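Labels for the chains are A, B and C, by order of writing; each one numbers its residues from 1.
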Amino acid sequence: MHRQAAKTISKSDARSMPRKYFVSPDIFATEQKNIFSKNWLLVGHQSQIPRSGDFFLATVTGENLIVTRDQGSVIRAFFNVCRHRGTRVKEDACGHSSTIQCPYHAWTYGLDGKLIGAPHMDEVPGFDKADYSLHSANVGLWEGFIFVNLEHNPEPVENWFAALNGKFSHWNIPKLRPAKRIEYDVRANWKLMFENYSECYHCPGVHPQLQKVSPYDSAENDLREGPFLGGFMKINPGKSLTMSGNACASFVGKIENLQQVFYYSIFPNMLLSLHPEYVMVHQLLPQSPERTLIICDWLFHPDAFEGKDFNPEDAIEFWDITNRQDWHMCELSQEGISSRAYKPGPYSARESIPAAWDHYYLQQAG
Amino acid sequence: MHRQAAKTISKSDARSMPRKYFVSPDIFATEQKNIFSKNWLLVGHQSQIPRSGDFFLATVTGENLIVTRDQGSVIRAFFNVCRHRGTRVKEDACGHSSTIQCPYHAWTYGLDGKLIGAPHMDEVPGFDKADYSLHSANVGLWEGFIFVNLEHNPEPVENWFAALNGKFSHWNIPKLRPAKRIEYDVRANWKLMFENYSECYHCPGVHPQLQKVSPYDSAENDLREGPFLGGFMKINPGKSLTMSGNACASFVGKIENLQQVFYYSIFPNMLLSLHPEYVMVHQLLPQSPERTLIICDWLFHPDAFEGKDFNPEDAIEFWDITNRQDWHMCELSQEGISSRAYKPGPYSARESIPAAWDHYYLQQAG
Amino acid sequence: MHRQAAKTISKSDARSMPRKYFVSPDIFATEQKNIFSKNWLLVGHQSQIPRSGDFFLATVTGENLIVTRDQGSVIRAFFNVCRHRGTRVKEDACGHSSTIQCPYHAWTYGLDGKLIGAPHMDEVPGFDKADYSLHSANVGLWEGFIFVNLEHNPEPVENWFAALNGKFSHWNIPKLRPAKRIEYDVRANWKLMFENYSECYHCPGVHPQLQKVSPYDSAENDLREGPFLGGFMKINPGKSLTMSGNACASFVGKIENLQQVFYYSIFPNMLLSLHPEYVMVHQLLPQSPERTLIICDWLFHPDAFEGKDFNPEDAIEFWDITNRQDWHMCELSQEGISSRAYKPGPYSARESIPAAWDHYYLQQAG
């Protein structure tokens, strides 16, 4: 603990980052290369593809990937690029098929990416199917979430998440199933959403509904530096983060304290929010310095779907409203930061996690 | 007078400007820096914010400004950027409020821009509210029009407009009130609108309505070089520049000659058109080399609004049609000038004011 | 023949082109300069402007041209740029007028491009109308098609097309008349459409209708290298390339073999498809590395229009469906090729014409 405290950033000096980090196309390109092409990126949850042959498409750092479960039930990811003339082999956002066939000239691949059919190519001297498997991307699983990594030889996903080992076991995340997905197209730099998620200093003015059930100054952080940051906030007794204020489903597991909601940011593209009866997860997909696509999923325990009091919309609507309030603030910040008058401003003591996030980011941006 | 005549550009040599001035992003950036960030720019009229706390937002050269009247009735302009994390503090295009509060973390500023509230910042050692006033922009008033200047220490507005001192006093411009605003999004370089405004050689073919009440060859210019250019044209006896051809309001003041309409261009973003019964003013807001936003206001005497024959739409429709005819020609010019075949062409003797405008512009573009 | 065979590209080595040729703005700019500003470009057919004074506008490589027939019935092309201040002189996409008058200041040109009227310019010392003709572009005719060439002193059109002399005389192309034009806005590099047009390896999967009347493996190519490439494919006995499968018009000429459809690509912007009863022609107009405008015309014999069995929609619908199937594959290829995972892949023996097209293109791209 002593060592950790020594490394902690001096909070009284912390300031928001310079303008260039939010508007520069060069810095955006560097981030795509040094951060998004080297780290483990969230693309979904294993419950989206339960059977062999199930697949979905994911786009990270400009690359469209086919994420599928092969005949051996192993989850794999392939670049959506035919080895013949480069055509996208899959168009549907998700589905099921026993092989992967290119629509242009009917080259056909197995679920393991191996080329198994290529009409007329036997007429080409020296052509060998074994040379033309689909290009693959690294896949990792953590708590049932699917991550990809575009680097050639990345750190194993288990090592990367070692610090979080067992931390979330009560929530049974690998077992959960999605009830809803909402996509948001936000006109703001992706880092503004991380900073926004990492503090509740803004809650009194921005989130009147949230404010009623969870006090803005109740945050207790247990991860205060590095790629994983966050902790919990209190939920008022007997309340839940839903429109009605009541729990909307049976609990996801044996939750010790029902008066806590946990918020963690997972560098560089995941926000994980753990409630007693549901888990909400955000995927951040930067599109340009000034635009980010955000995919938000709500996951519940499989048994909850059968419960007579199951009312997921009660939570979804609550967070959809809250999300939109946040994105709006991020968009206003993007506009203001673009001004020549903007200068980094002082973080308050309530913004130590955004400051820690910035600190880690600046180390990685290189 | 002799010296002035000597400096006048030889009209027989005058030609339209080279293509690069109309299409180059580099020249556009230089203009934004050397012209629009150094000169006094029209943003509105004092009648838009009569009371303390009234405000409107204005965007010049990419900067969003809050233009407001403070407790001492002084008009001020602030960059719309919170000193905390850069968020836009004001969103509504106009309104009234006794303080300026950021919606994100509730930092609050007085109408003089001073930070008066910042929750929890007293917990930050060394934080002093006095260090975090809103950044201000210079404000100047001329004839009741509000101008801003983004330069650090600009020429006083009184000096800049000294040459026009008293010239327009008959029109009572500071007292006038707007009846209507129309915004135009024009796909043409801003300089084409200045050139278009500065000659009536185009009127016979482009403006059949205008041609009926004001002869195209009646121009008499009294400002023939420098940043302010123009003069008057004749109005046919008993006629007015309205759809009906009749005056649409009581006169704005003791106008000496009812058969004259005055047209002046005020470098770099104002066109001022003075009629016996109304004043029309255009604000030009360059958005890119090939796109300009134009805001047009029609101002009348406050007493006119009560007149039983008050019919401002009669003038507004007349000029809205005429404006659109002009913008269309400017757009056709933009398209043609973009061609590799375009070469500067000869100005006629009727285009001495566009030639003088180009001459002054080229000196400023640097 | 021996020499020709020696120069032929070794098919077993042929691969699709590297990514940069499909996505690089620099290469696109170079193509516009080295290919589209130097070659003869298809802009239409002489039947579009049968009378003196008829005109249409064409845009090639960013340049808008007025293509018109002068008083002597000669087809001419002028840059659509007034010599006064650069304004576009013609706005309508096509029409008829005995002179060319600029809408801005009424400068007027004859159909030969000579300035014949310029109000008030006689007041300008030294002004001579003879110095201000519209800038012209080179025009060439081949088989009744109108081509333009923006180079100063291009190879005569007759020389360029010498290799095709008389080859298509049976189709009476100069006499044909258009029945329909469809414009397609395709999100793909222009070269993908040439490659797509040049092989039927994709037909079984992509074109089920076409597949029924014309076997995909029946291609016999007679032009196998250089700027003109292609040959014929078989039509099943008694069939036609129409929705109904029946001929939709009387034949365009004395066609020797009714069971053949001829497909030729004419570098760099024309695709020519010759059927017994109609001719289809595509104009390709590259807009950016990733976008191409395609204009498709269907031409029939003038006598066919009077025939009681004349049903051009039967052919147009057939090809409109087939065109859209092709463009969709091109768009999927554009997306896939943009990936970092894309590498040039091996052409099959059925793709010798795409390989030859690429070979000629790479020589020209410089």
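Everything below uses one rule, namely that contacts are C-beta pairs under 8 Å (C-beta built on N, C-alpha and C of every residue); 3 or more make two chains touch, one makes a residue touch a chain.
Remember, predicted model here, so these are calculated numbers, not experimental data.
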item	value
Each chain counted as touching subunit A and subunit B at once	C
Chain copies touching (subunit B, subunit C) - same or different residues, decided at half shared	different
Centroid distance [mean C-alpha coordinates] between subunit C and subunit B, Å	47
Touching two or more other chains - residue numbers and ranges from subunit B	none
Subunit A-facing residues of subunit B, complex	62-64, 79-89, 91, 103-106, 118-121, 123-127, 132, 135
Parts of subunit C lying in touch with subunit A, wherever the complex brings them together	11-12, 16, 19, 195, 201-202, 204-206, 329, 332-333, 335-343, 345-350
